[in-house]
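Shared between the two complexes below is chain A, which has chain B as its partner in the first and chain C in the second.
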Partner chain A sequence: MIDFFIGMFLATLISALFTTRLYRLLFWYSMNSLALAFLALYIGQDINDNPLIISGMVTLIFKAIGIPYFLKKLSLKHQINRSIPPNISVHYAIILIPGILVFTFYLAQPLSQMMSEHANYVAISISSLFLALILMMQHKSIAPKIIGFLTIENSLFLLATTATGGMPMIVELGIFFDLLMAIVIINLLFLKNEETA
Partner chain B sequence: MLYLLILPSLLMFLVSFSHARKSKYILSFSTFLILIPIVSLFLMQKPFHLLDDYLIVDKLNSYVLLLVSIVAIGVSLSLLTLYKHVKIQEREYHRFYRFFAIFWVGLIISILANHMGIFWIGLELATLSTVYMIKTNKSKNASAEAWNYMLVGAIGVSLVLFGIILMYASAKPILGEDAMNFSSLLLHAKEIPYPFLFEMGFAISAVGLFVKMGFFPMNLWLTNIERAAFYPVAALFSGMLETSVILGFFRFSDIAKEVNYWHLFGFTMLYSTITIFIVAFLIYRSKDFIRLFALSGIEHMALVAIFWVSGGTFAALLHLGAHAFIKPSLFLATGILESNGKYNFNGALKGYHGVKGKIFLFLVGLFLLAIISLPPSPMFFSEIYGFSAMISFAKGSDYFLLIIVNIIILLLLLSIIFYKFVNVYQMMKYEGKERQKKVYFGEIAALALFALCIVFLMLPSSLKYLRGIV
Partner chain C sequence: MIYYIFSIIFLLSIAPLLLGFIKSIQMLLFYKKMVSIFQPYRNFAKLLKKEVVISQESSSITKIAPFLVLSPLVLIVFFLPPIFGNAFYVSFMDAFTITGLIALSTFFLMLLGLDSGNSFGGMGSSREAFISALVEPAMILNMFSISMMAGDLDIAKAGVNLSSHFPVEHMSSFIFAGLSFFILLLTETGRIPVDNPQTHLELTMIHEAMILDISGFYLLLIEMAASVKFVIFASLFASLFMPIGLELSPIFALLVFIAKLFIIAIAVALIETNMAKLRLFKVPNLLGVAIVFAFLSLITFYVLEA
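After this line comes the complex of A and B, so read on.
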């Protein structure tokens, strides 16, 4: 089951990389967060870790539902262009993405001797971090860059869940608080952009 | 005690919603309240637990907290007369203070943190609040740079978290959730079961922290942001943010030192030398004050990192303190120095009249020469001590020649920077036409405060305190 959720996480991220429309990107981000939330809930229940279950629930409510909904509202309010063609063409992306996946598995190989159980998960977390960075770099407009930034947070959460079995609760909550603060700042920046224009 | 530490920023945050005429004075002078808890912290027996094991006061972080608080006071004094130098609406001015308060709280949390996760949360809070301060300037350039800061800054901070997770994973099998505590990690550093994982985490975190301070390859990223924002933002960056970020590096490197000292030394030395190499040439080509000072800030932070890992902890702390006072003063002075055009070094030190003008002229001249380590600047002494520590370190190592060559390269690069600053000083003083410039109370008060603090830093009792920190 863990493999399934991690696979879904990676698949939704790769789909997001090929997306050319903003709402579809928000949808894939939502699905990505959903896979992450179920993963946290599943592992949390499996190892009987209440903080991880709470983190999973918070992820489900905020990242899978709240943030995509808020960003969609924001894009409607500020009439953000919904066409987001990526700078890296599909042909190159098809070669680049598997390349990154292979590279990160190679990078994480020394870890497999240390972590007998979760080395592959760590490799996937690192690769999703790289893919999120590509998502940020391959778009000129701000909205997909914000999704890229949020996806980096998801990748870090995945790493924390798989490599350490979840971070201490206080850290998880702090990260969520910072994420909410980021959303407030993004909203303010959009408002100020309109004032400047 | 924690409430008292947060009280000034809380007061600032609340007063920023008021639009009463006198509110700007309350906003500015509320910062002085921070001195009460800080003096108490200095008098206390250390380490003192502020909030369980999460927030701890020790000699190192109380010193950094003092530096950061004085910079906050100085910058808030200069903000009193900000509107005389730049176009800013009252609403924006109040909003600036609102985010300044959040920024300050973030830094206090990260400075006092004995927990890697809480350190990160504080840093992220400070990063996010700065974004809006950059945006207070209504130019299109500032708008673009605010987004730029938000995204690249977030990548930097994400790298820090990424490294923290790996370090946590490396020590969790023996320490459990305590693997997040700096003090526990330091105590059990030699027992970490996966040192490779820890070192990988440390390297990634260090790169994240270096990115935040504008090290290679992000040198121009930070300078462009400081150029686009109003000048007090640059002062806050150099005096408060960079000082807090380097404290994180100190904490991480102390643990990495126990795991594998050579790896830590080699990594920091190489990274910092590359940074200074690039920064030296960028400084040589810089044509405006803000970029010049911003790049010089990166150079000084790289030197502090090198001194620290070479065992010159006293030199690093003295250099850090001097930089925390001198650099914000120079940034605050740019409001007046650039009053006749950004890209005009010529005659920038001419045209000052009256008592305030003369004091300004004297202090700016002093700070400009102090930043390039001319005696009796504290930076002169810190560099002497720092390079001596590096030579002592080289003597006891197997790589003597390599380290000595590196020291020579560093000195050559510092001489390029020295030459440029002397040249700029001469252009400011002897070239160009005299144009009248106005100096106001706010800047003079801030500069005088920083000058006084530098004098205090050089007192024997202060130096003794610094020696006793590590």
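After this line comes the complex of A and C, so read on.
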């Protein structure tokens, strides 16, 4: 079951890399967070860890529903351009993305000898970190870059959840408040962007 | 053995019904009056009675090709994973065989399009060649990956193995293969994101452009080939990616299988109504996603064993 959610996590992230529309990108980000939230809830229930369940709930409410909705409202308010063609053309991305995946999977091989279980989850979260960086790199406009930043946070959460069985909840909550602050700052950024454009 | 023969006859006879079902679901979603789901059978009966008209410019290929379009597909039906548990099945078809047989059928369809010498035929054939060249690598990778997960290179055996013990530890590569295969299903059977089977709009048509000149019995063969192709892909998806219900008693196994086929048909109909057709030069992007997922499924299986 954990494999299923991790698979969905990576699949939604790769779909996000190929989208050219902002709302579709927000949708894929929301699906990505949803997979992550269910994963946290499942692991939390499995190892009977209440803080992890709470972080899963918070992820579900904020990242899967709250942030995409809020970003959509913001982009409507500031009339952000909804067409976001990626800089890296799809033909190159088809070669680049499997290349990155193979590279990171082999990069994580030494880790798998150190850890007894969940070694491949670490590999997948590192590769999703790289894919999120690609998402940030391949767009010029500000809104997809923000989604890329949020996705990096998602993959760090995945890394923390699967590698260590959940980080302390205080750290997790701290990151959440950070993200919320970041969203408020992004509002200002959009405003600035609108003025200069 | 009797189950084997029954399942072949069953698959061949349910093929037009599925297309009719997709059509009627679409009509329902468009708030139109529903077409009967048996309409394709009536069309076939009508085509059987019609006269065959062949263009003067065409060579003997036009008379041979329709049979050669249909026969590789019918051959594939014989090697599909079994519908019933403990039933007889033929272990013959691996990832390369199935891709090759589908490519053979497509090759003769393209020849048929070129043969009549009208400009639409050539256009349709070139588009079909463009798309099928992109489908093949994804198809081979995909089938190879699923047969590695099942532990047997043969597809029919893979279907049985998957059903007897499902590879829970390979769940993520299983999902990637499933996603990739669903895109291939839409592409190969000419459904909406790639090709629209209902219109004859010259800018977009692919399959229809190749068969514009064909009439009567030959058109019947081509239409049957299209429906058999759909049922092959739907049944592969049902056996390999929804591997449940094989161990039930024969009647229930059959019911579960029919339910799976209809679920796939509903999914295809929903996608067709909710998506716009892609521009021709956007199609490689969609198939690129399919290739990435198929490759990802294989490397996740090998490197991570997940």
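In this section, the second predicted complex is superposed on the first by the 191 of 197 C-alpha atoms of A that agree within 3 Å, B and C clash if a C-alpha of one lies under 4 Å from a C-alpha of the other, contacts with A are read in each partner's own complex, and residues count from 1 in each chain.
Criterion: contacts are C-beta pairs under 8 Å (C-beta built on N, C-alpha and C of every residue); 3 or more make two chains touch, one makes a residue touch a chain.
Not measured: the values here are computed from a predicted model.
Undergrad: Clash or fit: chain B and chain C on chain A?
TA: fit
Undergrad: More residues of chain A in touch with chain C or with chain B?
TA: Touched residues of chain A are more numerous for B.
Undergrad: Under the stated touch criterion, which partner chain does A:M136 make contact with: chain B (first), chain C (second), both, or neither?
TA: A:M136 sits against chain B, while chain C stays out of touch.
Undergrad: Looking at the overlay, what does A:G174 touch: chain B (first), chain C (second), both, or neither?
TA: It touches chain B, and chain C stays clear.
Undergrad: Considering only touches as defined above, state whether A:Y69 meets chain B (first), chain C (second), both or neither.
TA: neither
Undergrad: Contact-wise, after the overlay, does A:I97 reach chain B, chain C, both or neither (first, second, both, neither)?
TA: second
Undergrad: Could you say whether A:L159 touches chain B, chain C, both of them, or neither, answering first, second, both or neither?
TA: Only chain B is touched by A:L159; chain C is not.
Undergrad: Once superposed, minimum distance in angstrom between C-alpha atoms of chain B and those of chain C?
TA: The answer for the closest chain B-chain C C-alpha pair is 18 Å.
Undergrad: Which residues of chain C touch chain A in the complex?
TA: Interface residues on the chain C side: 168-176, 179, 284-285, 288-289, 291-293, 295-296, 299-300, 303-306.
Undergrad: Of all residues in chain A, which touch chain B in the complex?
TA: Where chain A meets chain B, its residues are 110-111, 114-115, 129, 133, 136, 142, 145, 148-149, 152-153, 156, 159-160, 163-165, 167-168, 170-171, 174-175, 177-178, 181-182, 185-186, 188-189, 192-193, 195-196.
Undergrad: In their complex, what parts of chain B are in touch with chain A?
TA: Contacts found on chain B: 54, 115, 117-118, 120-121, 124-125, 128-129, 131-132, 135, 138-140, 143, 146-147, 150-151, 154-155, 158, 161-162, 165-166, 168-169, 172, 177, 180, 193-194, 196-197.
Undergrad: Which residues of chain A touch chain C once you look at their complex with the stated criterion?
TA: Going by the criterion above, the answer is residues 1, 3-4, 6-8, 10-11, 14-15, 18, 90-91, 93-94, 97-98, 101-102, 105-106, 109, 119-121, 123-124.
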